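Next come the structures, one after another.
Next come two complexes built around chain A: one with chain B, the other with chain C.
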Partner chain A sequence: MARSWATMEDFEAFLDGGGLVEADDDMPDAYRRAVFAFIEMHANSELMGALTERDWIPKTPGLRHKMAVLAKTQDEIGHGHLLYMIAADLGVKTRTQMLEDLFAGKSRFHNVFHYRAVTWGDQVAIAFLVDAAALISQQAVFKNCSYGPYRRILRRIITEEGFHMRLGEDRMMRIAEGTARQRGMFQESLDRWFWPALQLFGPDSVPDDELLRWRIKSERNEVLRDRWVQRFVPMLQSYGFTVPAPDLRWDTEAERWDVGPIDWEPLRRTLAQGGPDSARRIGEAADNWQHTAWVRAALSDGNGSGA
Partner chain B sequence: MSERGAIREFLLAFADDEHLMGQQHTEWIGVAPFLEEDLAFSSIGQDELGHAAMLYELVLELDGIEPTDTAVDTLAFGRPSHDYRCCHLVEYETKDWAEALVRHWVYDAFEAMRWHLVTGTSMPKLAAIARKALREEVFHTRHADALLDRLLAAPEARSRLLAALDAVVPMVPGLCEGTAGEAVAVAEGAAAGPTAGLLEPLLVAIDRRFSAAGLDGRSVGSACVGGPSAGGAANGQRGRTSRSPDFEPLMARMREVLDYDSEAVW
Partner chain C sequence: MHVYEVFIKKDGRDEFRHVGALEAATDELAVVLAREGYLRRAEGDRVWVVRRDHVVVADDDFVDPNADKPHRHHDGAAVADRRRASRQSQQ
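Presenting the complex of A and B:
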């Protein structure tokens, strides 16, 4: 049964008590918009991630390998599909509006998908580094998220993302044990993708971050980013790859890796749709959407199934 | 041609068609008209690639080679183009989603008939694959039919689909073309009949599927005869030994990573 709260203080007390908000609750508008924007960006990122990987799917080296890669991309699109549904249930935008805003360059998606995968090594680096970064973020949201529908869907997404990361790790290990040419290719991919993957977590959270206050997120960006660094720096080194951070050092006192200062300018550019591949990625997606408009128009039956 | 060689050719044509059809579906992931279609094409593509892998394994067994994933990939990707036995329809680079959908329907209608040819085969493994594949084909056909039912009822979509049919139908005889020695394979019990025997029922099925919405004077049967890529010898497939112009660019794309380093294991 739908619940309502007289004041924001009452609502926040409900959240502080561990309450879960449901779609039909009369939630404060600010919360509704914040949780919607967060899920919309997640949905957009699943879809744009699939498009980034798509460039290399037809070139996957091996028949059963290609089936595994297809299954992964199918999962990503499936995640987008579920996320757009729960985002639409919040009543801020329909799924069609969300997609059209995305293809018009009006809404955000993760920084990493503003870059282009230019080699097969990049495809593996995405499955390994980027999926792991996304997984760390999603696990942190799932742990304590106050929005019930999102939390329930994250359980499934996290399970599947775990498989993707293992697929990426397995492919990375084959390359690590492979020929000099393969290793060289993957090192170049690491040089391209290490920093964008690290920046996926965003800059340090601001002190009064409402996403944290409302338990839409449950851990600060810098904590999540550090978790990824501590895990991936030694792993990459153990496979004989070089972490492309000139100021990388082992802090003997804190017993942890320090990647040095982070240049946030590339992230800012992607947020303004000005990343290295933003124009092509969004433009091609918009063209595809336009070229298939006749199908959606023909299927349009008022329930949104055609879009 | 030996009996083994004839059966091998028959299986190879089947495997190559499934492989390239699955490959073509992968090209539509993320760019289909809506998310549910991205998922459908991806799922169908996986099924077709899976059929191809199982059929290639049978070919390897006939060759006396252990059917490892590496051996399957060598067979699937590593032959000179004249050793492939795919038809031109699965090599064809579609121009739009209407062509992709019409090809999907036509290919799956044919594929179901082809699997039925081998449900009673003398090769137990092939019969088992056929049973599995036919269960999947029910969903493939249902998917394409559901879309066509609705799209053919809408005027603009219908005209796009009929234009797509014009592009696809001339390649149908090639789809039903058998390989050299197929009569021997049939006599050996590998299949219940020749692939060419599927042309007539397939044309009837295509006509029934599309004529319900009106064909605007088209004749599916005559579209296959006399055109530049009409059936039999006239279409230049020569028992599926010739390749269309779309094959080499497609194969180059498929082989790009493999060709990067021939020593590599990916």
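Presenting the complex of A and C:
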């Protein structure tokens, strides 16, 4: 063990002083479990997101975009790998346990991957709105995260997410310049995905949120959510789309967009019992995991090298 | 399966830098996974993978900063002071 702390007070003083925790430090168990759960959920979300993306590879219009979607799917699978690796180093679960829990429906991942993407417009809305929401969250963690390995790996993940977001915006602009029917399709997708994307940030942070106290996250959920709203409401409007928030208003005093009251029930329900597409998604991922057992066996056999 | 630590280097300028880890059965597969996971967009032109159980790690105590060896440093302040004093005495 590299470092240890006698009490939680000592540990928190170390964090308050800007200290970075490393994998081999003898960190308090509560911190270890909190940072593990946070990274595991991020890893699961990358993997489930990659599987959504993969569904759309054959249906992506145009060769250039099809190739970009392939690369993006590889990126997301790669992010899953990087994150499962640093999560496993915390010693709470092995990589295999994390994957088996995910495919058994025991683990959490982002709310947005519990819904079904019905049209290409949905896929574009996800790539644009959801990737941006994920990027805003990750940037806030990266800025000041107390867990060193996570912070360092986020640097590379964020770089690649930046490519994905620009790709999403590129696709959105193409649809915006398209026919009335294409624009109509995207408006319908926006109606379906605006609120789930906004809810990715979660409800307002509780005052004594330990993720904030321990600098696993560094900004409150409502602050991140507002950053997304201020950026995407005017952007969607500038392309002539309608933001599906009946109480949306421009607060002239604060000079900010206000989306009105947020109904958190769909998020609570999704996280508690799954959403309309959870069973299919988890089922397909689990089937895929079983069907590829021979690949893992072949790779771990290591070509007869005795590894 | 073994855990490998991955190091990459850019453009012949920088030192090799640790970027993360991966799990692989053989050295050959470790290099393939390192390329696919860590060198997707020309992040480096050289890569090392090292099995984690082959990395020799020194105790923190052993490599503690040598606070008791100030003679190994020279911040240049004393030299600058004397140089200034010498210049002033010549004027």
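We adopt the following convention: the second predicted complex is superposed on the first by the 291 of 307 C-alpha atoms of A that agree within 3 Å, B and C clash if a C-alpha of one lies under 4 Å from a C-alpha of the other, contacts with A are read in each partner's own complex, and residues count from 1 in each chain.
The definition used in the following text is that a contact is a pair of C-beta atoms (placed from the backbone, for glycine too) under 8 Å apart; a residue touches a chain by one contact, two chains touch by 3 or more.
These numbers were taken from a predicted model, which means no experiment stands behind them.
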First, second, both or neither for A:T60, with chain B first and chain C second: first
First, second, both or neither for A:H291, with chain B first and chain C second: first
Which of chain B and chain C A:Q74 touches, first, second, both or neither: both
Partner chain(s) touched by A:A2 [first = chain B, second = chain C, both, neither]: second
Chain B versus chain C as contact partner of A:R174, first or second or both or neither: first
If touched residues of chain A are counted for chain B and for chain C, the larger one: B
Touched partner set for A:L299, first chain B, second chain C, both or neither: both
Overlap of the chain B and chain C footprints on chain A, listed as residue numbers: 74, 78, 81, 299, 305, 307
Chain B residues within the chain A interface of the complex: 19, 23, 26-27, 29-39, 42-43, 45-46, 49-50, 52-53, 56, 69, 72-73, 76-77, 96-97, 150-151, 153-154, 156-157, 160, 253-254, 256-258, 260-261, 263-266
Sites on chain C touched by chain A in the complex: 1-3, 19-26, 28-29, 33, 36-38, 40-41, 43, 60
Of all residues in chain A, those that touch chain B in their complex: 47, 50-51, 54, 56-67, 70-71, 73-74, 77-78, 80-81, 84, 120, 171, 174-175, 178-179, 181-182, 185, 288, 291-299, 305-307
Contact footprint of chain C on chain A as seen in their complex: 2-3, 74-75, 78, 81-82, 85-86, 89, 95, 149, 152-153, 156, 160, 299-303, 305, 307
